[in-house]
Amino acid sequence: CLHTKSRNMAKSKFEYVRNFETDDTCLRNCYIVVRLDGRNFHKFAEQHTFTKPNDNRALGLMTRSAHSVMEELEDIVIAYGQSDEFSFVFKRTSTWFKRRASKLMTHVASQFSSSYVFYWKDYFGEQPLLYPPGFDGRVVLYPSNRNLRDYLSWRQADCHVNNLYNTVFWTLVQKGGLTTVQAEERLKGTLAADKNEILFTEFDINYNKEAALHRKGTTLIWEKRDETIVKRLKLPNEEEKEVPVTRSRRRVQSYHTDIIGDQFWEEHSDILEADNC
Amino acid sequence: CLHTKSRNMAKSKFEYVRNFETDDTCLRNCYIVVRLDGRNFHKFAEQHTFTKPNDNRALGLMTRSAHSVMEELEDIVIAYGQSDEFSFVFKRTSTWFKRRASKLMTHVASQFSSSYVFYWKDYFGEQPLLYPPGFDGRVVLYPSNRNLRDYLSWRQADCHVNNLYNTVFWTLVQKGGLTTVQAEERLKGTLAADKNEILFTEFDINYNKEAALHRKGTTLIWEKRDETIVKRLKLPNEEEKEVPVTRSRRRVQSYHTDIIGDQFWEEHSDILEADNC
Amino acid sequence: CLHTKSRNMAKSKFEYVRNFETDDTCLRNCYIVVRLDGRNFHKFAEQHTFTKPNDNRALGLMTRSAHSVMEELEDIVIAYGQSDEFSFVFKRTSTWFKRRASKLMTHVASQFSSSYVFYWKDYFGEQPLLYPPGFDGRVVLYPSNRNLRDYLSWRQADCHVNNLYNTVFWTLVQKGGLTTVQAEERLKGTLAADKNEILFTEFDINYNKEAALHRKGTTLIWEKRDETIVKRLKLPNEEEKEVPVTRSRRRVQSYHTDIIGDQFWEEHSDILEADNC
Amino acid sequence: CLHTKSRNMAKSKFEYVRNFETDDTCLRNCYIVVRLDGRNFHKFAEQHTFTKPNDNRALGLMTRSAHSVMEELEDIVIAYGQSDEFSFVFKRTSTWFKRRASKLMTHVASQFSSSYVFYWKDYFGEQPLLYPPGFDGRVVLYPSNRNLRDYLSWRQADCHVNNLYNTVFWTLVQKGGLTTVQAEERLKGTLAADKNEILFTEFDINYNKEAALHRKGTTLIWEKRDETIVKRLKLPNEEEKEVPVTRSRRRVQSYHTDIIGDQFWEEHSDILEADNC
């Protein structure tokens, strides 16, 4: 037997249980992606009367929470969110938490969730949060820049597909007077072009002019900005005076833009590390 | 190349990235333990003026959050918490989230964290929460009842060791007038018996009569309770009347008791599943 | 970049690549099973004219190779083989190779394979081995005695099902004059009872009296045996004389018996370690 | 309980044990390296009287066995060996064995080991193999070409460091008349330059002119070669005649050359796949 039973408080004889922990270090030189998804957010959205097809308060709160995660975990180089999900990308060379997958994903899930409740009233004002929401997460590794970009493209393409569908669906219901069953029936088998056509010819809506926030989701990256603050300075033999001090600071910046094509990546070439390392 | 670059929105060509996810299913027939630890809670406690050596509001909030996790994740058979940590034990045969470690630990971390903020004011009243706190987590598997009990014993022995130290330390400071440096110096090299002795002879404190909450931590388990509610009943050809209806309901029950010895486990013999399965 | 290119021989600058190895330690307190399976052994058997349905030379060579593995890796407490597969069970508390799965399974696969070629001529005599055969392996963990016994039962039940089928099939072909296609057709949809019946009524064969080696496969365990050897001894002031010395030695013993029921395990109660450890 | 005990042969009730297998799929788009190391080869070398510091028969047999592995597992794009170790690199996009680590490494270990015994007599002639040797293996993943090349450089630098040491050591013993203890003492603290100097000034040996096989180890790659065979051809209305038929065939080619610098990789640019995939 590994040891005998006893009521003895001696902590040391129980410590062998630590050896049951397994190492889940992420493979080096790979991007580490943590993706969070809302648990039962369909029901959560109904109970909190989210507007359809998109609720800007809810999207704003998601982004605020993601922002909070990025400031807490500095090695995240880019985050992308849409609907009730958010993905966080740690740089290839990150050694945060010794690259232990469990620590990385639980910390992200925890910080995001506590922030979601903490900042709720900034976005929903007096409307009360009825219960603490849950998010679940996962970790995925991507060895190359191409793989990582394809991951982010996959999520943005998912945003596009869902938002186009939801936009037409709720337009048919809200403006076209269809029931949800009728709207679903109407859209069965339609392609993207068909949906664009319905919006344009029947409701005079140009989908491409819909809010970029809804069509493209939200991308968060770090950007250096010059910040000027006024400091009071007292040099020897001089009177104290106010001097402007400019310094470069990293801040999280938010974009609602295409990240599938090359332009975004060319304009922000410092996000990805070279593959040949 | 895995594919060619394109701005095309076709989601399908990016979906290969799903195959980079790895399976992290927990070995069957093992207890799954998720342990959460507060991030930088030393600083968090200071900024929120937690009382020393124990803050009952903070401990109450931890337990309330753990309670919320248990109600959300029904396969948790026992949870144990002390200080800024809480362990959750999933039953051996659980198939929750298909036993995927990442899902289990992120959901626990998320639900606990959002609950911590959500219920803050129930425990701290008007004292504001200054920022969203973070917890990190891990998963450990235990194949036998003995291993699991030793894990829980390890955590309770840790509670004992820390609380005895903290109790003497803060008594020396708060009642004995020592500085924290002097108190640390005084306790260097002392054994448990020495510390009990200091408390008893110098401060007339019997450590064993200190609050069980502080000495033993908090154990949460499910218990069946008969609950009687009054229902209005209308039988055919009779007048509507009120009848008492009793039914057995599972509720989370909290204990501050020894879980190292056998007694607790004998009294709650349904927590553990037999080893010979 | 992790480093710059250079033809320099300095080994140290390349050593960072060691950190890409991941830890694959097997969970403690679980039985570690390594199972090997012959690669393309259907073809191998044909090319080496194995007799049908069972070739005793081939089975003997499998067992000899397994024997060699057990003597090399002492923590293996039981091994079970049938057809072209063999399973090796490491004891729960084994710390061999620090329980690293990759080391355990590759060493077993390697030792088995080199032994298979090394001992070939002891079983096949002058018939040449045409090319070096391959085996692949896997590791599975079992937390309880019940699980482990069920694993071994699964393999022995597999042996039974296959051997019964093959026995009838080849009897129909070899003694009944059917083609292989006709025999396959004849057996389609038959149950175990039907197959026993065919053997008994048509060929006067009582399946239960067929060789236990074929019906039950081969189980290898360690057994203590008293061994007496004669040692020459020279005591002071006496003449040298020969004395018999008896000592207990562990030797690998082979069984062709039922391991699904309790009897085998009761008779060899030292194979399994208690669950409550 | 997962099931009740029974001597019933029904295989199905035991099959739940399959679910204890875990998935060990290798991350996509990474090179998969399997490295084998001889077990107790110091002793093996002594027992088989390998010449010091290098035994060309033993090195030839290692290479022959690696060759056999490459022909069996076609997705291996390069292999590198020295002393009693050999590394095999599977291409990034390999789907062999569904990229299951356990299958890949056990198959390599098995095929290598059976080949080692099988081809023994081709290299050692009448000198008998005394017992079946063992090799253990491991799997390591490398996400980029740089990482993979650095891995191979690490192994070749190891070859260089060891061979230089062994060459001087055995020269001091065999030609210089030192004991092994004296030779060890003499070399303590010496740098590469010192060792080269000893060889050159004391024994008139230019290390760089020593056999490339010993200094550089052995690199195996696939190469396309035109092969011309003579086929007998019979066209209609013509007499049968012999015609030469040339076709391109992949063959394993062996090199003893520097693989740390760029030249080898530029000359064999088809070994590595581009990083930007």
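As written, the chains take the letters A, B, C and D, and residue 1 is the first residue of each chain.
Operating definition for what follows: a contact is a pair of C-beta atoms (placed from the backbone, for glycine too) under 8 Å apart; a residue touches a chain by one contact, two chains touch by 3 or more.
The structure displayed is predicted, hence computed values, not measured ones.
Counting C-beta pairs in contact across A-C and across B-C gives the higher total for B-C. Of all chains, the one whose Cα centroid sits at the greatest distance from that of chain C is A. Chain C maps onto chain D through a rotation of 180 degrees [Cα fit, steps of 5, range 0 to 180]. Chain C and chain D have CA centres that are 28 Å apart.
Per-chain Cα centroids separate chain A from chain C by 51 Å. Centroids of chain B and chain C (each the mean of its C-alpha atoms) stand 46 Å apart. Residue positions of chain B with contacts to 2 or more other chains are 1-2, 20, 22, 27-29, 141-142, 146-147, 276-277. The residues of chain B lying in touch with chain C in their complex are 27-30, 141-147, 275-277. For chain D in complex with chain B, the touching residues are 1-2, 19-20, 22-23, 25, 27-29, 93, 274, 276-277. Within the complex formed with chain C, the chain D residues making contact are 1-3, 5, 7-11, 14-18, 20-22, 24, 36, 39, 68, 72, 97, 101-103, 105-107, 109-119, 129, 131-142, 146-147, 150-151, 153-154, 157-158, 160-161, 192, 258, 260-262.
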